[in-house]
Amino acid sequence: MSGGVSMQEYLLQGSVLDSSCETLLHRLRGLSDNVDTGPEAFVDQEMVYILRGSQTPPVMLRARRALDQPDSLPWQLRYVGTAEAGIGDKSRSTLVRTCIDVATSDNVTTFLTDMGFRLDHECVVKGYLFTKGCIKVTVSKIFRVTVPGNTENLEPLSLSHLVELSVVSPSGQDEVADTMKLFAEQLKPIVQLEKVDHRRLQQV
Amino acid sequence: MGVTCVSQWPVPDGKSGQQAVEMLQRRLEATGATKAGSFCVDCETYMSGQSITPSKTAHVMHSTGHPLTCFAIMDSGTCLVADSNFDQLMTKLKGFYAPRKGAKIEVKGPRYEYVDFIVKIGTVTTGPTASSRGILVEVEYTPCVVPNDCWSLLTEFMGTFMGDNKPAIPQVLASKQDGIYSPTDTILQYLEHFNNYRKSTGNK
Amino acid sequence: MADIEGNLKTISKAIQTTQRLRGSVGRVFSQLRDGMEGGETVAERSKAFLDQLRENLLAVNKEYDELEKLSGAVTKQSDQLPTGSSGLLSLDPVQDKTPLYGQLLQSYKWSNKVHEHAGYTAQLLNQNSLKRSSMMTGLSTKRRKPQSTSHSLPGQYVDAVVANLQRHFPNMNITMTRPFGQSAVLQIGLGRTLQAIVVLRGLLIDRVVVKGFQENVTQEDGKLDIWSKSQFRVFEKISDHATAATLHYQHPIHPDLALQTFLTWLNSYTTLFTATCNRCGRHLQDGLPPTWRDFRTTDPYHENCRQ
Amino acid sequence: MQQREEKQLEAGLDALIVRVKDLRDSIHAFLMKLEHEHQTLQWTSVLDSFALLSGQLSTLQKLVMKEKMPSLQNLIFLPLVLSPDSDPQLETTTEGRVPVFSHEVVPDYLRTKFEPEVESREKTLTTQSERLTPEAAQKQIQQLNNLCDKLLNKLNAASEDWDSEVSASQGSTPASSLADTSALIAAVSFGKGLKPSRTPSQSGPDTPQSQPSPQASQAGPAPGKAPSTIKTNIRSGASSHPYQR
């Protein structure tokens, strides 16, 4: 039971200006599986917790909950590893990183604090979710929480929507990366979905 | 999930644990209970490294009653209910929390059903040698969810096969009173007993 | 049928005759075994012996004649079987593979039993006065008895009655839906002990299902599940008792009163797990708490403890 | 001299026969293909067959034009005997196509000119075309050219319009901004710009050098002051989009 298959996330990221967002949503609605039901809207609160140590590198965990239907959905606790080696490798068309998703009870924030984690930052994510086969597409707006813990007072972070194309699958299934690349091609030129080197962004 | 009471069953002098379990089984069968499978509850203990002060302990427990769930309890008493891949997450924290050697404790045994009652008789074992520590008896009354309502009913039932050794009301149940019983409460009872066993072996 | 019976009689007579024949033959041999006895001279003895032997042999002869006559009278067994032509299945040589005949006999036996029991039940029920159907009142001798209309009341009236009941039982959480058109379904939450689904026809209680507090009462499609039983034995038992109670509290003129008294009775189950049996003073009997509530006093009893 | 010419002729004929045989084989194969595979036949394979045939024909032509080839026009082919009886040798060489070398078939096979009927028709056509004056012909040619030019112009204009429309829709308002992409990804990856306490700074994407490292959690201003920080950030963030109306 504890062994489990390790899961990996294949990720492409990009952004779209708010003014063009409607066009993108329209195109995605046509391309995705949920044509008849329309996209799934979501409002999530994400809290990022960090556990720092003197010798070991810090560990970051993301706790996420749905603000629009707080009682029916469990909290999600997510661990995301660093991107796999070969980010500059042209043969790999997407970013690949290990990821663990755990559904938990609502006391996860208390639990993390008890474990020694500290809240690093939090944000509110509002957007739409599309699916196409195993591919998950989110178009979301990131909001800054002005008063800590208060999800009513929000400020948008930028005038763009974040677009993420991701597949979570057991490791070693590199063919999904090509499928994703093909799907991303269909969204051009509204949005350029690319593998983004997070380390480079961090250094800047 | 009904109200549950987990209690320690003393092994009489001059008898092996196995004999005590068999006697209990015979008595239970005499009341008309039928055997329905087996059960297992296990607990792994993680200790924090030097990077976290003060040092903390985390217990990760699984139960066959909830095969896809993992219970994580901090020494502060916070109990997180999570998906079973929480175990994978713990491995990502190995720089901070490491499993305590030989501290794995497990209770295993047959499961009985009698009308709306479920009785589990388990032998407690610890460490890699799986040495026997004692016997735990779990009695659950499935239709009722309020501990205060059915405690006297539960004791009456326990008296039928445990005789004078029936337990006093466990701390967890007493503090619940008119609250609604949850699976976490059963796990906390097990943890309390496991800790007692550890303490007693530590003293020896 | 008659010739079968006659045949049977002849056969049983023949069996009796055969038994007698065996007796007489036995006597001949036992006499022979014993040899000559009694009498003084040899001549006397042998004469007596011979007389005896002749007598015995005559008896044998007579019985034998009779048997022969009877055997002539036995007619051939007719083909008719009690199970009709399906009885011919017994002639199937591959009986081991298709145990049809055995099953047929078994079901024949069972259907006979059911028939018999149904007969008794009908007899018993005819003596009972618990009749709700308006159809029956037409048949009864008291023709002036008012026709019950409680099954066909306007929806607004039912709404008002239910709203009133809600006020009357503050600890009950009553929600009403009409999933099947006119008929209302009440979903009643009773504290944190149980929940009941009451299907109404007008104000007449049509069906009661009792389930546990945390049990699922909706089907997969989100509709109220009024058919499935509770997964707990306690609530199954209470469902049975509640169904009996609906009959007991039935009132032809004041159906709202009937519903109210029924709910009063149901309300007493808040103490299901805490109360002990009024008779034996214990919580459990056969693993169940006191599931019976007296109709007049609402006192708790075990099913077997009630008067 | 005579002998050399004779040899040359023989060699030339042999070569011709080989080429013609090749041509015949490929025609044969093509016919077979048409007859037996006409249901599954792909146009590409038909095209292949035609290409092969035209290639073979042109090599045959080249061969005839060759210098070494004695001028065949100067030679005469004279049928000496015509017979109504079937000739087995002829039949085998022609693969059963010509069983008899009789007066019926000879004119068809040995013909070097068109049939008289066809010839006369051709003659009428030529005279007809000759009757047309050069001026009239010139006029007609010009008319056709004019028509073609007009059509071309129209098509070109339409395609230009189309292209400019597409490029206008794409070019005038870019749908995404690279700076925003980086800012958003940095925010969701390591909380850049989301942390509650941080020193006030200029816009993130514009002056990245002044951005504090996300790891360095500095003691920021009092929480009450935080909103003002964010406001300035928003304004500067908006000004960093030149495309925004």
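Which chain is which? They are A, B, C and D, in the order written, and residues in each are numbered from 1.
Convention: contacts are C-beta pairs under 8 Å (C-beta built on N, C-alpha and C of every residue); 3 or more make two chains touch, one makes a residue touch a chain.
All values reported here derive from a predicted model rather than from experimental measurement.
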item: Partner chains shared by subunit A and subunit D (touch criterion as defined above); value: none
item: A-B or B-C, whichever has more C-beta pairs in contact; value: A-B
item: Chain whose mean Cα position lies farthest from subunit D; value: C
item: Central chain (distance from its CA mean to the mean of all protein CA atoms); value: A
item: Where subunit A and subunit B are represented by their mean Cα positions, the distance between them in whole Å; value: 38
item: Subunit B-subunit D separation of Cα centroids, rounded to whole Å; value: 78
item: Centroid distance [mean C-alpha coordinates] between subunit C and subunit A, Å; value: 65
item: Inter-centroid spacing, subunit C versus subunit B (mean Cα positions, whole Å); value: 46
item: Subunit D, residues touching no fewer than two other chains; value: none
item: Contacts with two or more other chains, residues of subunit B listed in rising order; value: none
item: Chain contact topology (line, ring, star, complete or other); value: line
item: Interchain contacts, given as pairs of chains that touch; value: A-B, A-D, B-C
item: Interfacial residue positions of subunit A with respect to subunit D in the complex; value: 13-17, 19-20, 23-24, 46, 48, 60, 120-123, 142, 144-148, 155-160, 162, 189-192, 196, 198, 201-202, 204
item: Residues of subunit D that touch subunit A when the two form their complex; value: 170, 173-177, 180-196, 208, 211, 214, 217, 223, 226-227, 230, 234, 237-238, 241, 243-244
item: Contact set on subunit C toward subunit B in their complex; value: 192-193, 212-214, 232-235, 273-274, 282-284, 286-289
item: Subunit B residues touching subunit A - in the complex, by the definition given at the top; value: 48-52, 56, 58, 62, 67, 72, 74, 76, 78-89, 92-93, 95-97
item: Sites on subunit B touched by subunit C in the complex; value: 1, 32, 114-117, 141-146, 149-150, 152-153, 156-157, 160, 180
